[in-house]
Amino acid sequence: MTIHRDDLGDKFGMWLFIFTELLLFGMLFVVYAVYRSMHPEAFRIAAEELDVALGTINTVLLLISSLTVAMSITAIQKGNKQRALQLLGVTLLIAIIFLVNKYFEWGAKFEYGFYPGSEVLQELGFGTILFFGLYFFMTGIHALHILIGIGLFIYVIVQMKNDKIHQTDYVWLENTGLYWHLVDLIWIFLFPLFYLIH
Amino acid sequence: MYPLGASTFVPGVENAFVFILGIAFFFLIGITAVIIYFLFKYNKKRHPKPAHIEGNNTLEVIWTVIPLLLVMGMFYYGYVAWIPMKRIPDEGIHITANARMWSFSFTYEDGRVTDKLYVPKDTAIILNLNARDVLHSLYIPAFRVKEDMVPGLTDNRMWFQANNTGTFTIFCAEYCGLQHALMYTDLVVMEPEEFWEWYADTTALAPVIPEDANLALLGRQVVESKGCIACHSLDGTVVIGPSFLGKFGDPVRVITAGEEREILYDEEYVRRSIYDPDYDITVGFRPGQMLSYEGEVSEEEVSLIIEFLRSLNE
Amino acid sequence: MSEEKTHIVPYKTQIVVLIVLLILTALSVAVTQLEFGSYNTLVAMLLAGAKSVLVLAFFMHLKYEKKLFPVMVAAVMVIFLLVLFVTFFDYSYR
Amino acid sequence: MTDNTRQKQPSFLEYQGRYKGILGWILSTDHKRIGLLYLYTMLFFFSVAAILGILMKTQLLAPGETIMGPQTYNSFFTLHGIIMIFIIVVPGLPAVFGNFFLPIMIGAKDVAFPRLNLLSWWVYIIGILIVLTSQFTGGGPPDTGWTFYAPYSFQTPTNVLPAVFGAFVMGFSSILTGINFVVTIHRLRAPGMSWLKMPLFPWTLYGTAWIQILATPVIGITLLLIVAERMLGIGFFDPALGGDPILYQHLFWIYSHPAVYIMILPAMGVISEIIPVFSKKSIFGYRAIVLSTMAIAFVGYFVWGHHMFTSGMSGRALFTFSFLTFLVAIPSAIKVFNWVATMHKGSLHLHTPFFWAVSFLFVFMVGGLTGLVLGALATNVHLHDTHFVVAHFHFIVFGGTGFAFMGAIHYWFPKMFGRMYDAKWANLGWGIFFIGFLSLYLPMFYLGMMGMPRRYYDYLPEFHGPNILSSLGAWVMISGILIIFANLIRSARSGPRTSEKNPWGGKTLEWQVDTPPTLENYDEIPRVDETPYDYRDYTGIDNPNN
């Protein structure tokens, strides 16, 4: 089989995959919208349980990591492998910090008994149960995507070290970047919906 | 073709049927005939040299617009016949229809509960739909009405007005588990006078038990009207739960809180099994199959059921 | 087969985009602390929408790709919004 | 077109790659071998699900318990549905014939991502295995129906989780195929083949692939929510925790209605290929067919609510969904008119694939026209969840997709295997199958009108008559299937060899390559300058083998 290379085609495929992810989360946003419309008051009160400061920090972290990925693409395009690797390292680090933050945030919720099926939630009524169900499910799926992203970054870093990804063939990096921006995009909407709107 | 129509909705629905099916048959037969004609006429033996035609925009427009008009007509007929079903009147007899796996029961305004639905002719009947466990659907083919009974959904109502007396079947149309196929009951439409006579007759109500009544027989009525026999047979066959036949007073092996033990099939056991079914699970059966009948079966009715179970031993 | 010449986004543009994104984030946090009632959600969603457009256009290079890509993204968004809209034909009128 | 002096590549069937024997198949990234892998997997599972169907029809031969109890019956129709929908008709035509012929028909050597293509077959197999474990472990075979409606799906003690999870995994396979096809069509069309010179089967695959990409994630997340519901008690669909069971139905049908178009669009594509070839005439209204394909793909996305007319939705939603449903009927009608018009003044060659195509027209019309009855509000209320619906969707999904599948396999068989089947047996099989099909499903329309609900393992005596006819029809139909399968399997192994490139006189590219196709289809990528289906040069004199 002749080697057939089509960077634009690969990117096209990645975009199509991103569309599936958008709709996957999109349906969760539909669920959110429906239950919010049913229990506006409970959602408003439940949202105040979440830590705005922590949420804002995570938002800023993800935005910065989006920048570093985008910059590492520029770096590799310019042939600056060392800088590209450094920027990817920063991104990886930020992704891990995000998860650590999330761990503490979730841990605190569990400590107070705010988790699906807990007795505390049962007392607080339907709206609160649904809010926290959505909160855990949506941020949980999002965190799963962060985990996958970490795996991808490690792969890309290794490949770049071995010069498999370089100035003229960096579509893996580009696609990983696209994926990471998608993770960021989702968070851009999760953040106001859960933390901000009272 | 259909079961006998017996509600005020029937003419409208049938209009829609006739309109849509009429057009459908016209096109089906017409196009099929054309195809068969072509198969003969343009068979390669008779027509070896095909014409070259790429298309015809006028034709495309024609066979877009005409079907569009026709389906809009269908939409219209379907819509107007459906409006009265949604427009639920306030005046009328309000009855709560309860569904649980796998039986219906009907609660009237005076608190009486029946397993069949009794209604008068020419009166609006408004059913409040109430499902205890999973989705069910109340379907009366003769009346052309159907509505899902959704657990947790408030203001889930349907209505109809019968214009014929007789007995009709009510089916459960939404799949609800094991005995879904056996979840049906009767709808009895009576003349209004007859109905009100029946309604005023309170002897059917459990709290007033005449001195000389056969308690076991009344118990049997309770068992039937609450739908117990959908899962507990009277002849020893195992359906969902243990059969009612001949065990009262004997020891029975059950699993309580994960541990197997032997207890007596006595009044206390029966009462607990009705109000807290998952407390003792008879060995060989699965928990979670039965919901509590707390609030649905009164203490008096439990006593009647016990009398009935006792009688099965004899 | 890399017939398309690649467009290199300068670092400076990207950093400016990040700064705008951070400002928008700060803005949405600040705004939602005030009480706007039902406009609260709307404002927050508009700000999030603005942020996502920035990310899509600059970080995800949509601004520099073939026309097809932004068109597809827009179409997917339209389909999603229509689904949401049609769903609420049920929930708004129950 | 190959040049005889050049060293010819081996055919894809004989090619020896890195791996030999079975490994050479299950690890091959050749789109043709992958297509055949799908074909064999589907034929096997189709047989399983068809046997389940026959057993169910036998149970319904008489009221009461005839050969199985309710638990068995309920798990049978669940498994029948899961296999038929998720394993067969959803991947169906795209995975088998799309994989095999899409690259050839647009003049490419393979799909855009061959390894991803192989991966999607493996994901599909893993999904199937997960579904199968549900049958033998835990609380017994699931009994929810393939729709997994909440709240029953998380209350039943049966083993629903693996079935749901398996369907979720198969969704990935579907998405990967979809991505692959869209990129292939965008990037790998032969030089000169502009969008409007692309044959219609690739066009329908294109529409289908977009639906696969945009709708499948919805079922993915929905099934994942059911998993979360069962494992974590998260409460989204549980009324006891404030959830709304109707929301589950929304999400489920947001995927599953477009899924119907995933099933039927490629079938329409196949029919659009077969009819012009056997009419020796250009397809009537190529542009109209392309447009209606894309219109169906788009509008089909917004009509899911017509599965829920009695489920407790608001009146406004019912009105909207009914209206949109009637709109989506139009493009299908346009296609039927175009197909019939293609036959007009053609020179009809009555071979087996054409029989399937013509009978497709009939069953598809029955299915479509009864769909109008179901799309209207008042009539739907009576017919919803009755046997009428069962008959309707079997006419569309089995009649539509199934007939097109049979047509496709009889059409492309010589190209795929380099052998020919026995036409007499094939025609006999078609006849018996067609008669059996009609007597199996037509009585169900009547039963539904009379009010017999679906998913009933037992019924009232008044429904007995039509049920007898229907059960007998099932046995006739299965005899037809046996004849067809026996003929095809025998012919694939030992039928007369043929290396003729173009036995039917087709105009699309797959008829210009070798039979069976070589490893990379083309030595040199062809240039395409004409519209497909141009029969102006047809003289009326058949090639002698035809």
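Chains: A, B, C and D, in written order; residue numbering restarts at 1 for each.
Following the convention adopted for this analysis, a contact is a pair of C-beta atoms (placed from the backbone, for glycine too) under 8 Å apart; a residue touches a chain by one contact, two chains touch by 3 or more.
Keep in mind the model is a prediction, meaning the values are calculated, not measured.
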item	value
Shortest chain-hopping distance from subunit A out to subunit B	2
Chain pair with the greatest number of C-beta contact pairs	B-D
Label of the chain whose CA centroid is most distant from the centroid of subunit A	B
Centroid spacing, where centroids are CA-atom means, of subunit A and subunit D in whole angstrom	36
Between subunit C and subunit A, distance of the C-alpha-averaged centres to the nearest whole Å	15
Centroid distance [mean C-alpha coordinates] between subunit C and subunit B, Å	49
Subunit A residues counted as touching two or more neighbouring chains	4, 6, 8, 19, 23, 30, 34, 38
Contacts with 2+ other chains: residues of subunit C	76, 83, 87, 91-92, 94
Of all residues in subunit D, the ones touching two or more other chains	186, 214, 242-244, 246, 250, 254, 315
All pairs of touching chains, each written as two labels joined by a dash	A-C, A-D, B-D, C-D
Of all residues in subunit D, those that touch subunit B in their complex	70-71, 74, 139, 143-145, 149, 151-152, 155-157, 239-240, 242-246, 279-282, 284-288, 310-312, 315, 318-319, 322-323, 326-327, 329-330, 333-334, 336-338, 340-341, 343-350, 358, 361-362, 365-366, 369-370, 372-373, 375-382, 384-386, 446, 449-451, 453-460, 535-536, 538-542
List of subunit B residues in touch with subunit D within their complex	1-3, 9, 12-13, 16-17, 20-21, 23-24, 27-28, 31-32, 34-35, 38-39, 42-44, 47-56, 59-60, 63-64, 67-68, 71-72, 74-75, 77-82, 85-86, 133-135, 137, 139, 141-142, 144-148, 150-153, 156, 169, 171-182, 184, 286, 288-289
Of all residues in subunit C, those that touch subunit A in their complex	1-2, 4, 6, 8-11, 14-15, 17-18, 21-22, 25, 28-29, 32, 35, 40-41, 44-45, 47-48, 51-52, 55-56, 58-60, 65-66, 69, 72-73, 76-77, 80, 83-84, 87-88, 91-92
Touching residues on subunit A, where the partner in the complex is subunit C	4-8, 11, 15, 19, 22-23, 26, 29-30, 33-34, 37-38, 52, 56, 59-60, 63-64, 66-67, 69-71, 73-74, 77-78, 168, 177-178, 181, 184-185, 188-189, 191-193, 196-198
Subunit A-facing residues of subunit D, complex	29, 109-110, 112-114, 116, 175, 178-180, 182-183, 186-188, 213-218, 220-222, 224-225, 228, 232-236, 241-244, 247, 250-251, 254, 520
